[in-house]
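Here subunit A shows up in two complexes: once beside subunit B, once beside subunit C.
Take a look at the complex of A and B:
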């Protein structure tokens, strides 16, 4: 009797483990397994991405789908935990039989998921994480990224700084960024690009607060003492907002040019700071709501607003592009099952995206599986077209996509390591 | 007499559970179930070795992630720098290293008791986390290490699962033996009344250090094997939330029961998995479950079941653990 009651209970526990968590019965569906953070500080990036992903799928399905298939997606909160995300990816592949892995905001999670993609030979479409490692050091054939990486942003940033030096000589440059791989690789890549362009400069301090640091005062006062001409920033998300808010009362941003070319120009900053956002900050991001002024971008931003009641942060456009990339590949191949044929199709992909200006079409670099896109760097100025933001970027400088790719010797050096 | 019977029940239950886990590869409908089962097994070992400190000896360590991360990174770093061949030696080197580390840190943290002990273990664990995050050139920092493959002989998922199951069974058996031995009794005495133990002429600190080291060694085993399940390691394994998770597992399952943490680990992982697959409000569900447990079932799932059984059969409560 004793043993029985025990075994019954334990049998139930194990039976729960054995039950499959999803049963799918539809036919002719392209299944996408999305992994995004939906809670916590990065939650907005995930929510925007999922909204844009669903928007793109509805657009395509409304036109009758692709090659006779409808698009469908599962979405799971990654909690920004690599081990948990690995489990989600395995569940997607083994239980839900998805055709594509999709998403990811954190590069740490991206690196763990690309390993699963490699093992199972399932294509992983990276939509938002920026660490260059994924397309260079840890490159694997089933990974594709549809948004810019930090190298591209920093290459554009270096050209901007070079041009600036010609107009308004500057010499001393300081860096502040989160103390983890994303922060470090931006600084390394920027210096690599500046050296490559032959720019003369002097480093006036490197500052490494931890991610989500509540108080930046000690860094702000040190930077003010060091008196750099330019302060390069590598923050993202709430950290950018917190740093700028804390720097304003010290007058730091009046004396130093704030330069933030990878994630600084995210709409999140404009919407959460409103009037408080100082003019003259030099920022960029992977997508802008007011650049380029094309039909496609206006439609994307407008539709997103209609759907969610808010304007998109840059993460949204990455997810939107990812769905269209999948549709492009399946259209070419005719089915979503032949991963190797899909890889071939994606390698030759050309796709007109909301962030492409007139006369340019984004395309996939077959060597690195990194999308090649133009980058625009702007300056904050009054513009109330996208409320609640009171300032937006303007006075754009546009950089050609081909000038922003990591050179061959850089890729070889990194892959050898 | 009563305690002995309880012992037999627990032992048979343990054997039955492990037998069910052994049958899983035969009845599974997808490989994913193996991954989940493997996660349950390894977290169970982690939680049970933590509970040897917490439930048995009464030492609430908030720093067990240090040894979990150490075990995982031993395997990860050796596999990364030296190749797959090093997977198994690294697993055992990680256990040994973890034991040595615990032997060094143990005397420092054991100087204090209660909440001070807890805070000090947390501090050491965070120190380890800090080193791993900062030391990019060696550990890859926040990026973690990917592509950690078990050696060819274990590369098949089912084989690796059985490999883990065997090591987990041996560990559980070993911890069980400790728990039932005179040494285990000594540990329980230390939890209940350390002064009396001292009056009886036994050394409190030395016994605490012993169990601290043993716990560290098995925690490192769980971490090392986990590296082979995920094929990657990352800094989160060293972070305090990882230490927190095993505390939750122990409380959920019942810290006063030998198999409590095992059941707690299974429940936590299944909730996380099944609820997480359907809604992003997984944390709310875990929160509600924890709240219900603490208010209504303070002895944990296994503790309450045992009590229920005792009440039904009108048996007096035994010593526990």
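Take a look at the complex of A and C:
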């Protein structure tokens, strides 16, 4: 009896193991190996990315696929651990024979996976992580990023601050951000861009809480003592929410302009804080649910909502763009196997994406393999069109994509190091 | 240097210390009485926050009632975990290793349960009515909710001490820590005592989470974020020592607050430095009597 149930169990296992490859053998498939965090506070970004990736694949497959191929993806939890993600990436390439590595939310994971991509000459499509290093210092030819990096958002931020200074003179600027690469590079890049624009300012404190610091009270009281005019913030995710919640009763956000151009304007801040979110915070993000007001963006946001029952965080649009970038390249080359031809195709890519306003199309910068996109910075204000959020960004200032790229001398300086 | 800033910074440290103490007090109680290192203690903190969110934002209960209910719910969950799982490994050889594995696995299990029940979206809880603003004291702005946390933390400290030292149940709990066999010979239901202690300790964790929810973001993974600091506090104060946990929390809170103000580049280093110094010079913790070393 027991032996019997064992053999049934084994038969099922064998059937499960054989079935998918049998199905794959039937039709030509572009295989994507996705790596996203599924747990912890980054889990939201991973879940949104996977949902948008599947949405894009279904859209393309429903139209018959690309060049005779259907898209298919594997997805594994990165656990936000670089060494673990490297193992997944290698397994994807060696055993699952994927054509593309795809994903990652953390730049730390991204920097590790890009090395695997370089070693195996497999294209890695970066969809969400923002550290500029990936396209500058640690650039390698098989890596492409389809969302803005921190340099681009900080360049837009610097122009915003320069324009603000002309209307409402400010002088003292302070920074708070997580104490790791992402937090530090934002501050360095912002100051580089401010200096380059010739903006005069005075630094009134730099604060480095650790990532996922639960309590910001002592930071808040110290910032209040320093009395900056502008507080630049480099948090992401739950840290933004916690900091703002703790700062409100101190009145910090009334006296100081809260300025958060890279990840501050992400939808999860609006959705989780509802009414409590103060008006007048200056924020941006890599994608906005209510900008640009184009048919493509409305459709993307609406379809995502229909699929998941929630509005997307910015990570979703990066994954969506990544799938379309793959489809673009395979269409040009005719197959997903010739990595070097795919690199050439991606280098010349032009792709209309949900975050592109009328009259602009995102394109790939062939030198850095960084997508070039517009950046919109907005101000929090009442808007209940995307519940449960009660506030959204508005009063947009739009910055031209070409003005936000790191200058040649910056790239050369970083690559020499 | 404006002296009022020192006072403000001191109060900032106190707020931080009190939430830390509420989490650490449950952890140290488990060390002291049940002799368990509950790695998943932070997960009960997280559960408390999610329960409070459910009671307040979904069911529309009063915040303070929800706070109590969240504690009860987290405690019930904790008791269940003790009765169904931890109880099976008491007294095993290598028990400590099993404890860490078992309670660590519960971090993952509870994280996934939270994801299934509440989803991955960040949740947020508003400060209760009457505590959303701030009061002015000697020209300083102090959020009234932060003051409430300080008062509640002190109440819990004094209340728990009274229960542990002045009630029969408290005496039994303390005796459990010393000699379980003798106690059961005397007719005390030791397994029940252990389960109840586990329930109370996890309820404290739950209350801490619920109390912190209006100040923090409620996300999966929040448990693992508080456990390290609580562990530092418990080690500082002496494992299993209640007042030690309070002192440890105050030290970590204040050291962090002033490090942030005066040595911002090295702020997160200091709590670890304090722990290292204590471990070198008084490894049994600040509040524990020095133990006789046996060869």
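Criterion: the second predicted complex is superposed on the first by the 390 of 417 C-alpha atoms of A that agree within 3 Å, B and C clash if a C-alpha of one lies under 4 Å from a C-alpha of the other, contacts with A are read in each partner's own complex, and residues count from 1 in each chain.
Keep this in mind: a residue touches a chain if its C-beta (ideal position, glycine included) is under 8 Å from a C-beta of that chain, and two chains touch if they have at least 3 such contacts.
No experiment lies behind these values; they were computed from the predicted model shown.
Visitor: Once the structures are superposed on A, label A:125 by its partner contacts, choosing first (subunit B), second (subunit C), both or neither.
Guide: In the superposition, A:125 contacts neither subunit B nor subunit C.
Visitor: In the superposed arrangement, which partner chain does A:193 touch: subunit B (first), subunit C (second), both, or neither?
Guide: Neither partner.
Visitor: Applying the document's definition of touch, where does A:214 land relative to subunit B and subunit C: first, second, both, or neither?
Guide: A:214 contacts subunit C only, not subunit B.
Visitor: Touch test for A:404: subunit B only (first), subunit C only (second), both, or neither?
Guide: A:404 sits against neither subunit B nor subunit C.
Visitor: Go through the superposed model and pick first if A:179 touches only subunit B, second if only subunit C, both, or neither.
Guide: both
Visitor: In the superposed arrangement, does A:206 touch subunit B (first), subunit C (second), both or neither?
Guide: second
Visitor: In the superposed arrangement, does A:138 touch subunit B (first), subunit C (second), both or neither?
Guide: In the superposed model, A:138 contacts subunit B only, not subunit C.
Visitor: In the superposed arrangement, does A:105 touch subunit B (first), subunit C (second), both or neither?
Guide: Neither partner.
Visitor: After the superposition on A, what does A:330 contact: first (subunit B), second (subunit C), both or neither?
Guide: neither
Visitor: So which positions on subunit A get touched by both subunit B and subunit C?
Guide: In subunit A, residues 39, 179 are touched by subunit B and also by subunit C.
Visitor: In their complex, what parts of subunit A are in touch with subunit C?
Guide: Those residues of subunit A that touch subunit C are 39-44, 47, 179, 205-210, 212-215, 217-222, 224-225, 237-239, 241-242, 245-246, 249-251, 268, 271-276, 310.
Visitor: Can you check the complex and tell me which residues of subunit A touch subunit B?
Guide: 2-3, 5-7, 9-11, 13-14, 16-18, 20-22, 38-39, 74, 76-77, 79, 81-84, 86-88, 90-91, 93-95, 107-108, 111-112, 114-116, 118-119, 131, 133, 138, 179-182, 184
Visitor: Can you list the residues on subunit C that touch subunit A in the complex?
Guide: 2, 5, 8-9, 12-13, 15-16, 19, 108, 111-112, 115, 119-124, 126-127, 132-134, 141, 143-146, 212, 214-217, 219-222, 224-226, 229, 256-258, 260-261, 264-265, 267-268
Visitor: Can you check the complex and tell me which residues of subunit B touch subunit A?
Guide: 9, 12-13, 16-17, 20-21, 24, 27-33, 35-37, 39-40, 133-134, 136, 140-144, 146-147, 226, 230-232, 234-237, 263, 266-267, 270, 272-274, 276-277, 280, 282-283, 305, 309
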